[in-house]
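Before anything else, here is the set of structures, which you'll find just below.
Next come two complexes built around subunit A: one with subunit B, the other with subunit C.
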Partner chain A sequence: MRKWYEETAENGDVVISSRVRLARNLRSYRFGSRLSDEDAVRLVKEVQDAAPLVKEKDGKRYFLCNVNHLSEVNRQAMVERYVVSPTLAGKKQETGLILSEDESVSIMINEEDHIRIQSVTAGMDLEKVFAEANFIDDILSEQLSFSFDDRFGYLTACPTNVGTGLRASYMLFLPALTMTGRVEKLSEEMGKYGVTIRGLYGEGTKSQGCLYQVSNQKTLGRTEKEIIANLDCIVDQVIKQERRRREYMLQAGYDEIEDKIFRSYGILKYARQIGVEDAMTLLAQLKFGADAGVVKLKEDVNLHILMMNIQPAGLQKLLGKNVGSSVRDRARAEYIRNKLPDIERGQNS
Partner chain B sequence: MRKWYEETAENGDVVISSRVRLARNLRSYRFGSRLSDEDAVRLVKEVQDAAPLVKEKDGKRYFLCNVNHLSEVNRQAMVERYVVSPTLAGKKQETGLILSEDESVSIMINEEDHIRIQSVTAGMDLEKVFAEANFIDDILSEQLSFSFDDRFGYLTACPTNVGTGLRASYMLFLPALTMTGRVEKLSEEMGKYGVTIRGLYGEGTKSQGCLYQVSNQKTLGRTEKEIIANLDCIVDQVIKQERRRREYMLQAGYDEIEDKIFRSYGILKYARQIGVEDAMTLLAQLKFGADAGVVKLKEDVNLHILMMNIQPAGLQKLLGKNVGSSVRDRARAEYIRNKLPDIERGQNS
Partner chain C sequence: MLCDICHKREAKIYYTEIVNGEKKEQHLCEECAAEHTSFQMKMPVKGEFTLGNLLSSILQGYYNSEEKKQEESANPVCEHCGMSYEEFLKTGLLGCADCYQSFGSAILESLKNIQGSELHTGKRPKGYVKVKEVSKPVAELSEIDKLTIRLQQAIEREEFEEAARLRDEIRAKKAKEEEGVKKEGAPNA
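Right after this comes the complex of A and B.
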């Protein structure tokens, strides 16, 4: 079955994916860090008991697992594929997951909140993923009793999530704004509108490969529709800015950029060992060039998937064993060499 | 006919070529800058009149030209192929050249001295080139009267050349000593033994592509044999040091070096524009890798010739027209892309 990230999508030159997650908590358990280890085990079981109902109503295939029982590499690989959050993967207490086969829906249990319902899709379509998450929320609430206050809305472990419990986010690919050093300024401007821009794997993580997560900061006092409309409005502006910058860069220095993109390809195609940051930067160059029609890859390759697969844990899963970083760097180079098709000049040249 | 630099030679991993030049002056003309423009014309004619005798005795085909009448590009291209010195190419007065078809023998007229006889060969063989230059010297002296003092020897425009008038030099390829930053120290040590190390095109020019000219500084008070023996002794040491460094580098960090060499190839193979310094550095990496068996080029290509041909003027001659530096950088990249064969891992990997 195709994963959600294997689908192609509109606005794919800037918007890699759209994601929402809903924070929910059960009335009958203590919140957050005050949850006892015994209660964590009970909680995971109680929520996973709702899985058959989810399968029945949603019609998708779902898998269950207890994330804290998995190996470090498997947990990390799930983070790299955005299936679980770094918080869930890092937790020592019992944690659980209900995951759809295409990995588009993931229900995390005993993350910061008791339940985090996540829905994700390729390209720019928050309405679709919000509808999906909402649908899952409705199913779960048939069997589980959520903590809800008539005045505040859904109650959550962290006050910033109280209300709708909704975080909506886009993953954006911003090579032109990154190369011209404009992301920091953009971040300040967005902050004024309650929107935040972060690195690849959320809070506190660095940006790699010109990839960023943009999401709403607050949920209290706003409806879901308002949150999504506000984020869409900001992201529309970012898309315009990014595209304008790309056009400008190509007009001002096409030859230099074409050269840079081809050189990035040359290095990726011949390197014998490569670190993840280096590879992400070069792949971002190449993706930018392919999106802008500066170069054409002779076979269709999803460079964003390649970016996901070369992350440390995913690569180890592909290798089928735990290896040190120097072995990984050589395996990464080999993986990229094998995956990259031939290249030629694009239609814009 | 194959040029001298198209021959392969012993010690070719370090010694690219061997060269001698003999400085001679005619009794009947003023020396150096005191030569009048009219006398320069007479001088060039008088020496070129000896060309038939050279042809007859040497048996090679020879071409004559008046270098100052050539275009800037043609003069510069001759410098890049080491056929004439930068001094001769830059002179405004009448200058002349008698050049053998394989470009191994070049008789420069009205350089710093009235006559500079140059002989060059691939690899390490000063005795051969000295014998050749000596032979030409003998032929010329049958028809021309050289300025010679019984006490000092041959008289020259610059005192450093008085005596034998001999400068012997090797062109060395020193990637390992360059990469480990040891050339400067080497230069100091050599200075103590009257040997100097310089950039690619002699005095005052920069090193490119890890290529250096090593030559004797003084000629007075020493016989030709002593000069050559002294230089050979020093260069033998340099060869040993360079080879030891290469071995050490390969033992200490084979994977890193292999990666660097392959990346250099990848950039050379895909760049759309490239400056001469950048290209020389990357080609030096590749030559080092090929010499050391780290990589194998699937077809035999003389990388030193490639290094000569991508110099600015030579490239313009190949293009058949004068072009600006940005067009040249694109032409250089295309030329290299077309010339470089496929690559694979070498027998050492």
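Right after this comes the complex of A and C.
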């Protein structure tokens, strides 16, 4: 079965994916920081007991696992595929996961909150992923009793999530705004509208390969629809700005850009060892070139998937063993060489 | 660049303070920043910069400035899970759902600071009405709060005539309240 990230979608030149996350807590347990180990085990079991109901009503195939029992590499690889959050992967206590076969829906158990329902899709479609997460929330609430307050809404461990418990986010590919040093300014402007922009794997991580996550800051006092509409409105502006910059860059210095992209391709195609940051930057330039029609890929290869697969743990999983970083750098270079399609000058030349 | 205050040590912190709409910018070293500003030393300079850290620094700023005198004697502790308000400030994480009630007015104020709102208008769990009878709300809803919720629901159902009526009712009630405050002659501190 194809994973969600293997689908292609609208606005794919800027918006890589759309994701929502709903935070929920059960009435009968304390929040994470005060949860005993025994209660953590009970909590995970109680939520996973609702999985058959989810399967029945949603019609998808779901898998269960206890994340803390998995190996370090497997956990890290799940973080790199956005299936679980770094917080969940790093917890020593009992943690659980209910994951749909296409990995578009994941229900994390005993994260910062008892339950985090996540739904994700390729391209720009928050409405669809919200509908999915909302549906799962309804199903779970048939069997589980959530902490809810008349005034404050869904109660969460951190007051930054209280109310709707909704964090909606887009993953954006912003090569032109990054290359022209506009992202910082953009971040300030977005802050005024309650929208934050940050690196690839969420809180506290830095951007790689011109990929960013943009999400709502506030969760209380607005309906779910309003939160999503506000984010859509801001992201529409960002898309326009990014496209305008791309056009401008191509008009102003086509030859330089074409040269840069072919040089990047050259390194990717012939390097014998390459670090993840380097590889991400070069792949970002190639993706930009392909999206903008500066170069044409002779085979249809999803460069975003390539970017995901060359992350340290994903690579180790492909290798099937734990290796040091120099071995990994060689393996990464080889993997890229094998996957990279031939290219030619694009129709814009 | 050298520190704006001591002119000796290297400035590592770019500090912006906005007081009554006036913006003041300074380049400071860690020592002077700790001494002369409400800047939290441990936070962004060393260690990890996370939302939790940021949050607790916002809360602490608030706590130090306005509530200090009132709260100093009483550091409320949640009866259900034993978490104290000070502990919460350190991590930004509450211990249990009851904490929202235990830390009452302090939570209410910090929610206004963080969220710019203190009233949930979004989704309610199915069958919530039943639960409502047994659980006590954290704070009683005012007439205006209830009308605001109904207004949101009317907009979602696209019943705009009803929404307009509710909006006017809320405006009228708010105007009345403000008048009431003026008549008493003393602004609410």
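The rule is simple: the second predicted complex is superposed on the first by the 349 of 349 C-alpha atoms of A that agree within 3 Å, B and C clash if a C-alpha of one lies under 4 Å from a C-alpha of the other, contacts with A are read in each partner's own complex, and residues count from 1 in each chain.
Simple rule for what comes next: a residue touches a chain if its C-beta (ideal position, glycine included) is under 8 Å from a C-beta of that chain, and two chains touch if they have at least 3 such contacts.
Note that this is a predicted model, so its numbers are computed, not measured.
Of the two partner chains placed by superposition, only subunit B is touched by A:Glu258; subunit C is not.
When the shared chain is aligned, no partner comes close enough to touch A:His69: not subunit B, not subunit C.
In the superposed pair of complexes, A:Lys321 makes contact with neither subunit B nor subunit C.
Greater residue coverage of subunit A by touch, when subunit B is weighed against subunit C, goes to C. In the superposition on chain A, contact of A:Gln273 is made with subunit B only, not with subunit C.
By the document's definition of touching, of the two partners only subunit C reaches A:Phe31; subunit B does not. Shared-chain residue A:Lys185: touches no atom of subunit B or subunit C. Look at A:Arg330: by the touch rule set out above, it reaches subunit B but stays clear of subunit C.
Annotation: subunit A has no residue touching subunit B in one complex and subunit C in the other. On subunit C, the positions that touch subunit A within their shared complex are 48-52, 55, 80-83, 91-97, 99-100, 107, 110-111, 114-128, 131-132, 135, 137-139, 141, 145, 152, 156.
Looking at the complex, you find that subunit B touches subunit A at residues 255-256, 258-259, 262-263, 265-274, 326, 330, 333, 343. If you check the complex, the residues on subunit A that touch subunit C are 25, 27, 30-34, 112, 134, 137-138, 141-142, 145-155, 157-160, 162-164, 166, 194, 203-204, 218-225.
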